[in-house]
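Multiple structures are listed underneath, in structure tokens.
Here subunit A shows up in two complexes: once beside subunit B, once beside subunit C.
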Partner chain A sequence: MERGLLAYILIPLLSAVIIPFAARNKPRLADILANVTLLAGLSNLAYLLLNANSFAEVPGDGFSLLMVFTIYLVALCVVFFSAFFAGAMPNRQAYYCLLLTSVAAMCGVVTTSDFFTLYIYVEVLAVTSFALITTDDTSAGLEGAIKYFLLTFPASVFIIVGLSLLLLSIGSFSFESVQLFLSAGMPGGTVLFAMGLILLGFLIKSGIVPFHAWTPDAYQGSFSPVSAHLAGIVTKVSGVYAIIRISMLMRLSEGMAEALAGTLMFLGMLSIIVGAIAALRQKDLKRMLAFSSISQLGYIVLAAGLGTPLAIIAAIFHLFNHATFKTVLFLNSASLEHASGTTDMEKMGGMEHAMPWTSWTSVIALLSTAGIPPLSGFWSKLLIIIALWAGGAKVYAMLALLFSIVTLAYFMVMQKKIFFGKKSEAAETASEVSAPMLAPVVLLSAVIITVGLLFPWFYTYLVETIAKRMIL
Partner chain B sequence: MINSFALDWYFIAIILFIGLYCMLVSRSLLRQLIGLEIMSKAALLAVISSGVLTNNLSLAQTVIITMIVIEVVVVATGLALLAKNFRVNKSVDIWDLKGLKG
Partner chain C sequence: MDQSPSNIQLIFALKTAVAAPILGAFLIPFANKISVAARNTLAVALGLVTFISAAWLLPGTISGLAINYSIAFPLGFDFILSADMLSVFMAVISSFVSSLILIYSIDYISHYENQTEYYTMVVLFLGSMMGLVFSANLLWMYVFWELTAFASWRLVGFFRSDRDVLKANKTFLVTVFGALCMLAGILLVYFDKGCIDMRLLRGENISNVAAFLILTGILAKSATLPFSTWLPDAGVAPSTVTALLHAAVLVKIGVYAYARIFGVTFVAAPEFSQAVLWIAGASAIVSAAAALVEKDIKRIIAYSTVSQIAFIFLGLASGNRVAFIGGLLYILMHSVAKGGLFLCAGIIEQKTHNKDITKMGGLFKTMPITGVSFALCSLSVMGIPPFGGFFSKFLVFKGATQNGTLGVILMFLAGAIMTLLYLSRMFYLVFMGQEKPDSPREGSIVMVASVLALALIGLSLGALIYYPSYYVDLLTNQLGVNLQ
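Moving on, here comes the complex of A and B:
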């Protein structure tokens, strides 16, 4: 636990305790409290990140700090959006309480420095996610939550058995001792087996392909702003963050972990392929975005499995980009649901005229996902492919490039079905959502464009401040 | 010492697979939850067994108590989901959960 970042865990938690009491009969006050908490945290973090002097005083590596910034950015957008989302939200106070608790738990996950604390925060995060998915009391939400529950619980069992093996072989759970043990070059069969079990648990929690059964159901069934929160940040932090951490540790073991790293790369590639092909034939917008999310996670896991310094930087950068563009797309799907009353892509059409802002921000986000220059997604995919090519995995590099085109294909189909084409019945009656609901989407689109255009500066920044302080 | 250790892990493996079997064959959501509970009990036994073997019992006990607390919270949330599901769908059969498809 980094003491410098502890405040970012405690303040949302405090706010989560205060909101149900202070704002019991005043829903607007709950909105304001939740937004102010996250906005204060975000502006504080932005100051820390942009000011090199204060950045140097923060302990730990820059990866944690960048992840905390991403968490606050996405959570603020989701909270601000849901304050104006006039959907069925029976209990605002409980909703904000759970959302802020999940923000606190995510900050705990990314700032911790041992596996046991990581496990505890991941479980707290899972509990808040079950409750958040069922916010609007529909049977679809319940179904998604139960499937999520039935698959993440065995994942925790695998993680606990892995932890017990770690206790058996090293006698400690901290990243540091695992790192020391692996870099000492001793035969570490038990440690690597423990790492494998922990990795298996986190692969299930992040929804990589053989274990992806829960992801589309949970995203499709849940309350719309919650699906943006889940897809944008929760599953990334509860699963992929730990995978990147473990692969950063594993590459120190001098080739002993080759089988594990190879498996990770294979599963990443499999996710890219299955996610992209499944997304091509979806009819429901949220379900399609969920499969696209699986496919993009595949890129991150593929790069993390390779484990060279460039690949790790690319994975972290893609994680950040994925958080921004997927949140835009899911928030837009919530706006569309709000305006047209459906998420079925066949029933929408010609929404471009009714909702120009939603349409254009979707275009920006989807072009970034597909990797069109100069948007941010292009640079992270380019880095991943360069790292794969340089690391000798040329077949994977070619396939990653190929499926980037498939990504563009399914997003073009989506854009044509929903926004372009003939005006449908839904488009006749729909109107653009209010300006406060557009603000988070426009903000995130601006982030995508800015990071893309200022990439040379951003890359230097990533290398100078973040990668240098990481154990690479 | 090593014999009792081997016996520990033998039982842990057996309990783990009993839980897995219970999850695989039952259709009722409640039984699935019971299977999950059995599996997680085996995992907790693994932690305490490795604590005993490495003479690190105090660390293992602290870890286990925290894990039990966490597990209670997770199971309570799971039971709440099952109860709500029973109220909405009037069924605990896992094959009735097929509303979401694509």
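Moving on, here comes the complex of A and C:
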């Protein structure tokens, strides 16, 4: 646990405790408190990250810092959006309380330096996500929540068994000791088995194929801003983050963990393929986005499995980009649902005139996802492909490249059904959502474009500042 | 680098040619807030500024100055703009045609919705085209390549009916698929040579796999077999202007990339060039045959473009100096003549509210100027002397016969004869024959003036063939690699 970053965990937690009491009968105050907490944290982090001097004084791993920043960015966008989202929200105070707790838990996940604390935070996160999905207390929401619970529950079992084996064999949970053990070159059958079990648990939690059954249901069933929160950041922190961490550790055991790394890459590739093809066939917007998430997480896992420094940097870069563009798409799906009353793509159509901002921000986000230059997603995908090629996985590199076309294809389908096409009944009555609800997506779209255009500076920053502080 | 004032001026012109349309495109929605006139003026002004900046570079490149501008990027992805004779040649042609399209649009497009998006995308398209021709780094060429695909996606889907959007998506997916193959090829080069700066790679060999991957991208963009179907489909998309942008400018991107990558940079294996020739030959015949049986006026012209593009490939891939010169001249002549044909078709379609040529007839009496322009442009495409099209076609064939295989030459001869046939058929059905009742009047002055201008330019290019051929000759001497 890095002390320097403790404040980012404690302050949202504190707000989470205060909100139900202080804002008991004042929902607006709850909005304000939640927003102010996250905005303060984000501006603080932005200052730290952009200021080289102060950055050097902050303790902690570069990866953790970037992740904390991403968590705050996405959470602030979601919270700000929710404050103006007039959907059915039975209990605002409880909602913000849960959201802020989940932010605290996520910051805990990314700043800890041992597996046990990591596990604790991941479980806290799981409980809050479970409760957040039920914010929408219709049958769909409950179904999603129960599915989420039942399907990710075995993951916890795998992780806890893995942790016990780890404790038995090396007597410690810390990343450092695992790394020391692995790099010592001793035969590490048990440790590797334990790591395999832990990895399996996190693969389930991140919804990688073949463990993806829960994601579409959970995202579809839950309250729209909650799906943005879950898809935008929670699944990444509770699953993919740990996978990247473990890959960074495993790389040191040259050769020993080859089978594990190979499996990871295979599952990543499989996710890319299955997720993309399944997304092509969806009729519900949120389900399509969920499958698209699965496919994009596949890219991250594929790169993480390879584990070369460039691949890890690329994976982290793609993680950040995916957080931004997937949040935009999910928030826009919430706006669309708000405006048209449905998420069934067949019933929408011709929405672009009614909702030009939503339409254009969606186009930016989806083109970035499909890897169309010069948007941010193109560069991270390109880095992943270059890393794969340089690391000798040429077949994977080519497949990953060519599957961008499927990504583009399903987004074309989506764009055609929702924004283009004949004006549907929904489009006749729909109108653009209010400016405050557009602000988060416009902000994130600006991030996508800026990172894409300023790629060289961002890349240099990533390598010189963030990656320098990681043990690669 | 030479820091003389003239060189600084040229670098500034180079930057303006790329930056003005790309950045300016995003100002168009704001100009629309002021007034429609302000928006239209801005769009046309941006087109003209681009054209003037590109033309400004002409004298500099002829005298052999190296005009470069670069920003260093990590991993060898430097952003390099470099003006040499070939890129300036392409830039001048495409910015000229695009400016003319913008002027013609003011009238033509004024009846439709989504005008602001239309102008934004046309100008963005022009800017990406400029970026593409001036990029000396393969990766940046790819970036601009995709930007043009994005702009054309929005332009083909200009009308939002299901059918149009389907065509737009098809265009986008086909060209992006090609582009991804090309990116794979570029990455192969990147790993093979450790560098993707084309100025440094000049005269290097390229592996066959990489060459074919890049070729896939080029064929997809230039709508050559087996990717030819998207262009006629995009051609039926609502706006003729859009169709023109694709037929006269977009497909040239593919040809330019071929000239740039395989003509003046890499040395490809002889089998590769042979394969290109056979593919192009098949493309010439198949699309000409399709043009012979089509009834939709815009589809005919689009198929004709596919067929003519094949002739350009014949010139560029023959590996012969004369043919290469012919191929480059062909780009110029075809842009002008095909531009004229498309704009004529636009006037005809707008006035008759009809695209089926079998239902037209006798239009010559009521639309004489359009008819004459159409005839002049057709003659140039057919390659009848003294039009510009004759010289380019002649040079392509002259060069190709010197070291081509008989089979390829015969295929192209058949293609050339079919060109004559389908263009005569179309002219006859539209302008000659029985006059239909309530034949429409001539189009508006701006529109008719644009087509007449293109027709006359086509004619005068034939008369003044000395100047372009001198330029292209110099270009080939200066830059050509592996030519006999």
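One rule holds for everything that comes next: the second predicted complex is superposed on the first by the 472 of 472 C-alpha atoms of A that agree within 3 Å, B and C clash if a C-alpha of one lies under 4 Å from a C-alpha of the other, contacts with A are read in each partner's own complex, and residues count from 1 in each chain.
Please note the rule applied: a contact is a pair of C-beta atoms (placed from the backbone, for glycine too) under 8 Å apart; a residue touches a chain by one contact, two chains touch by 3 or more.
Source: prediction; values computed, not measured.
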Which of subunit B and subunit C A:Ala126 touches, first, second, both or neither: first
Touched subunit A residues, subunit B compared with subunit C: B
First, second, both or neither for A:Leu401, with subunit B first and subunit C second: second
Partner chain(s) touched by A:Asp344 [first = subunit B, second = subunit C, both, neither]: neither
Touching partner for A:Phe149 - first (subunit B), second (subunit C), both, neither: first
Touching partner for A:Glu432 - first (subunit B), second (subunit C), both, neither: neither
Touching partner for A:Tyr459 - first (subunit B), second (subunit C), both, neither: second
First (subunit B), second (subunit C), both or neither touched by A:Ile372: second
In the complex with subunit A, residue positions of subunit C that touch it: 71-75, 77, 142-143, 146-147, 149-150, 157, 160-162, 165-166, 169, 172-173, 176-177, 180-181, 183-184, 187, 190-191
Residue ranges of subunit A in contact with subunit C within the complex: 350, 352, 367, 372-374, 378, 382, 385-386, 389-390, 397-398, 401-402, 404-405, 408-409, 412-413, 416, 420-422, 455-456, 459-460, 463
Residue ranges of subunit B in contact with subunit A within the complex: 16, 23, 29, 32, 36, 39-40, 42-44, 46-47, 49-51, 53-54, 56, 59-60, 63, 66-67, 70, 73-74, 77-78, 81-82, 84-85, 88-89, 97, 99-100, 102
Touching residues (chain side subunit A, partner subunit B) in the complex: 116, 120, 123-124, 126-127, 130-131, 134, 137, 139-140, 142-147, 149-150, 153-154, 156-157, 160-161, 163-165, 167-168, 171, 216-217, 220-221, 282-284, 287-288
